[in-house]
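Chain naming follows the written order as A, B and C, and within any one chain the residues start at number 1.
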Amino acid sequence: MIQLQDIEKVYRTKTIETVALNRVNLLVERGEFVSIMGPSGCGKSTLLNIMGLLDEPTSGYVAIDGKPVKTHSDRQLAKLRNEKIGFVFQSYHLIHDLSVVDNVELPLLYRPVSAGERRKSALEALEKVGLSTRTKHFPSQLSGGQRQRVAIARALAGNPEIILADEPTGNLDSVMGNEIMDILLRLNQEEGTTIVMVTHDEHMALKTNRLIRFFDGQQVADSMVIEAQI
Amino acid sequence: MIRHLFKLIWNRKKSNFLLISEIFFSFLVLFGVLSFALYNYHNYRQPLGFTHDNVWQVWINPNTDSTAQNLAVQEQLLQRVRSFPEVAHASLASSNTPFSFNTMNGDLTYEKGKEVETHNFEVQDEFKDVLGLQLSQGRWFGPQDNSSLHPAIVINQKLKGDLFGSEDPLGKKVSANDSTHYTVIGVVNHFRPASEYAAEEGAFFGRINLSKDNKYVWTGLLIKVKPGTGVAFEEKMVKEISAIAKGWSIEVTTLEKMRQSKAKMTLVPLVAMAVVCGFLVFNVALGLFGVLWYNINKRTSEIGLRRAMGATTRQIRTQFVGEVLVMATFGLLLGLLLAVQFPLLQVFQLSPAIYWQGIGTAAVLIFLLVALCALYPSQQASRIQPAVALHEE
Amino acid sequence: MLKNYIKIAWAVLKRRKFFTFISLFGISFTLMVLMVVTSLFDHAFGPQMPERQTERLLFVNMMREQGEQGYSSSGPPSYYFLDRYVKKLQTPEKVSINSVFTTVNSYVNNQKLTLDLKHTDRAFWEILDFEFLEGRAFTQQEVANASHVAVINQNTRQKYFGDAPAIGQRIEVNQVKYTVVGVVKDVPVLRLNSYSDVWVPITLRRNEFLNDRLRGSFFAIIQARKPGDLPKIKEEYARMMTQVEIKNPKDVSTLYSFPDTILETFARTTLGGRGENSNVGYFYTLLALAAFLFMLLPTINLVNINISRIMERSSEIGVRKAFGASSKVIIGQFVVENVFLTLIGGLLGLAFSLGVMHLINNSGVIAYADLGLNVRVFAWGLLLCLVFGLISGVYPAYKMSRLHAVEALRGGSK
């Protein structure tokens, strides 16, 4: 599904050179739920950005569905992001001035879809996260957990094959965090959506199929999670 | 997408209120100035109905009141002027000669129709040759009018329309009041003497007949000189006629000079208005540019998000330009509500077409302007790296 | 504290050069336009050479004859009327009668000069304060004798004699020769009552004095003993008007004529109506409205920019609030900053307006215009600056001061 080979990412400023990722190799298979763990600044988010085609590696090979993306134009990349990938962020990134349902419609806006269909898909996605009653609210009127559910609904609305979640529970307390985690798990199990999640939370990470640990831009462990609970 | 933009702007109406009101006022200012400019331009394009090259204006003013003596002097003076070989034609006229600052108005009625306001010009038979008037119907004054029952008048096309509509005006009797009646003997194509920038108004010529009950000294003497005649002749002429008309004040100028000073009356305010308006609009454009730039910088995370959701750089650019255009549309709609009152209620008696042109041009200019202001900031917005934008916070 | 604020303001201005440019451009141009207009207004209506003591002067420029059958005719009054009625008024200190200027041609060395000629009495020179470059005004004796003497302006001297002295020289105006007795500085054409190029004794038009019509081609200037007398003069004038004998009662039933200040004269004639009202209040309202509308756009613009500029500094405000600054103090800081900015803009505007006035003076759009800055215009400019700075600074500062410290620290609300 997503293949990363020998990925290096180096940030250069005038004075210092920071290596964010150092020769990372990773293959995410269809239907997997992968969690990535590691301390702050170890390059997890950079990795996620590269997987989500938001960032380019300094060197290395990235392929989606077996097709390398290096030579893709801005338009082709945008199309891939739009159709195959859904994003969920720690700080939700909802647009304040749009209502819940308008926020959820956002990815469909960049597809040739009629307004009616857009609305229909958005409502379906909201249904899946259990927010059908809040469609006309604005983000500021919702709790953190609800906001993150809206963000997940937004990721789902475009019917992506893979969801990239960057610390989706990071801003939430454990009850809400668990709710979000349940939604993600259900999506993975029932709909077969591939999910890659960056997290700090060991407890959350252990609920997934596969756990990858990062330290200083390097992959230090990659293990299958056998037992869902420890 | 357009609906999405409207929604965004509508939901942000509070923070966009100032920008929208700026556009609203800019539109009104542009509309006002453009309507005024278009009105003048429209008038400028119309024919004047006369030619003024080589026409001199001689103002003669007796300064005294003994009429009988003055009339005799005036006749002598006129004869002397006509006898100069340099003078092709000369005609006495009432003081409201073309491009002068004087006016004479009156009302005329035809049968029991409504009163029509007109300008009346008292002229001699030679006036037509001095100014090269063109008749479209009937004839100009001639000696045969000496014995007419009602004084003959020649009217312009505008007055013909106002008084008679589609009727044939020739030979018709019109009245100025209960005791004064005129017979229409001819129609000139156009006569628009007030200024190049003034609209044509109804006008008629009455005939000055010096041999018959002449009561006034006519102060506006117009002469057509032969090409190439200059100041030397002017001095000679003024010296000679001053000798005839002792103590009179005599001033000579050319219609060209009078045209220029009349044009200045319109152009100076117009230019001043245009400069002030240009400054205001430029000021607004700069402000708009600054604020848009700032707003877009503030919305980096939204831009990152949209990119993550699959927006291309081009779509981002289009979105921001689009937002500004939508905002301008809101401002314009508000402005339009006010502006359409002008053609609908016929304020200031300008033709509605001019107002509509003014509205159209102002709207196009506003759109162009805001699009121009939005282009660069939007370009900046589309260059924002999504990965960076999403982690800023 | 103030010094501290100004230091910060300066640093901020330097940091955001583009915003600073936009603000300064808007402020300086707005103030420039306002200052040029104020200067024009002052030029036309304020005390100026030669009408320096405007608070003691009234002008009679119009006489309107109104008949019952809609007949109406107006124009300058006649010498007869002014001499017989206006000169006899008790309250004024002096009354001058002078003619409306007429434009005449003169020919000098094969060149044509177009000059404006005005006939005046002796009182004209006593009431008005002309600046004589050489020579003197004509005397009572010269007026009584109808001597062919003339006072000319600087421009006319230049045309006739170059810059050489002109006293005692002969000039020919409208085919009549005069001896130059004085040269005065050019009077702007907007000063209808005193303007001319050449001034000669009124008695040269003696033959018109006998004509007993009420309308003619003369003006009167009335000088009061003290400024407070103006209303009394107006009252006496109004009483006098009821006594004027109407020679053709068939056509004319009522007469209207008023002694006006310069502004009243202008307002009465331009704002229409039948002239019973001087319309000065209306005129001021119109002016204020125009100024308001003109300032509206730049103000909104400035408010807009200031909001962006201030919001950008929300973290600074957060810190200040966290350390105990009250909303009032923060508003104060931004208002001081903004007034500082407007004053800089005002200075620039002042420089620009000097340039524009210079341009107008040289362009000849207004004959003999001598626009300039004086204390009055400058004071107006300063006042406008402060108003501008306050209006455009208070609202954004108020908006900002209401941000909560935490929100402000986080970078402001959306």
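By definition in this document, a residue touches a chain if its C-beta (ideal position, glycine included) is under 8 Å from a C-beta of that chain, and two chains touch if they have at least 3 such contacts.
Just so it is clear, the model here is predicted, and its values are computed rather than measured.
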Graph class of chain-chain contacts, one of line, ring, star, complete, other: line
Chain occupying the most central position, where position means C-alpha average: B
Approximate Å spacing (C-alpha centroids) for the pair chain A, chain B: 66
Gap in Å, rounded to a whole number, between the CA centres of chain C and chain B: 27
Rounded Å distance, chain A centre to chain C centre (Cα mean): 71
Interface hub residues of chain C, defined as touching at least two other chains: 414
Residues of chain A engaged with two or more neighbouring chains: 97
Partner chain A, residues of chain B touching it in the complex: 1, 3-4, 7-8, 11-12, 301-302, 304-315, 385-387, 390-391, 393
Residues of chain C defined as touching chain B within the complex: 18-19, 21-22, 25-26, 29-30, 33, 102-105, 107, 110-112, 114, 117, 174-175, 205, 207-208, 211, 294, 296-298, 300-305, 307-308, 311-312, 365, 414
Contact set on chain A toward chain B in their complex: 45-46, 49, 52, 54-55, 74-75, 78-83, 87, 89, 91, 93, 95, 97-99, 102, 105-107, 109-111, 115, 138, 154, 158
Residue ranges of chain B touching chain C (in the complex, touch as defined): 15, 18-19, 21-22, 25-26, 29, 59, 61, 63-65, 231-232, 234-235, 238-239, 242, 247, 249-253, 264, 268, 276, 279-280, 283-284, 286-287, 289-291, 293-295, 298
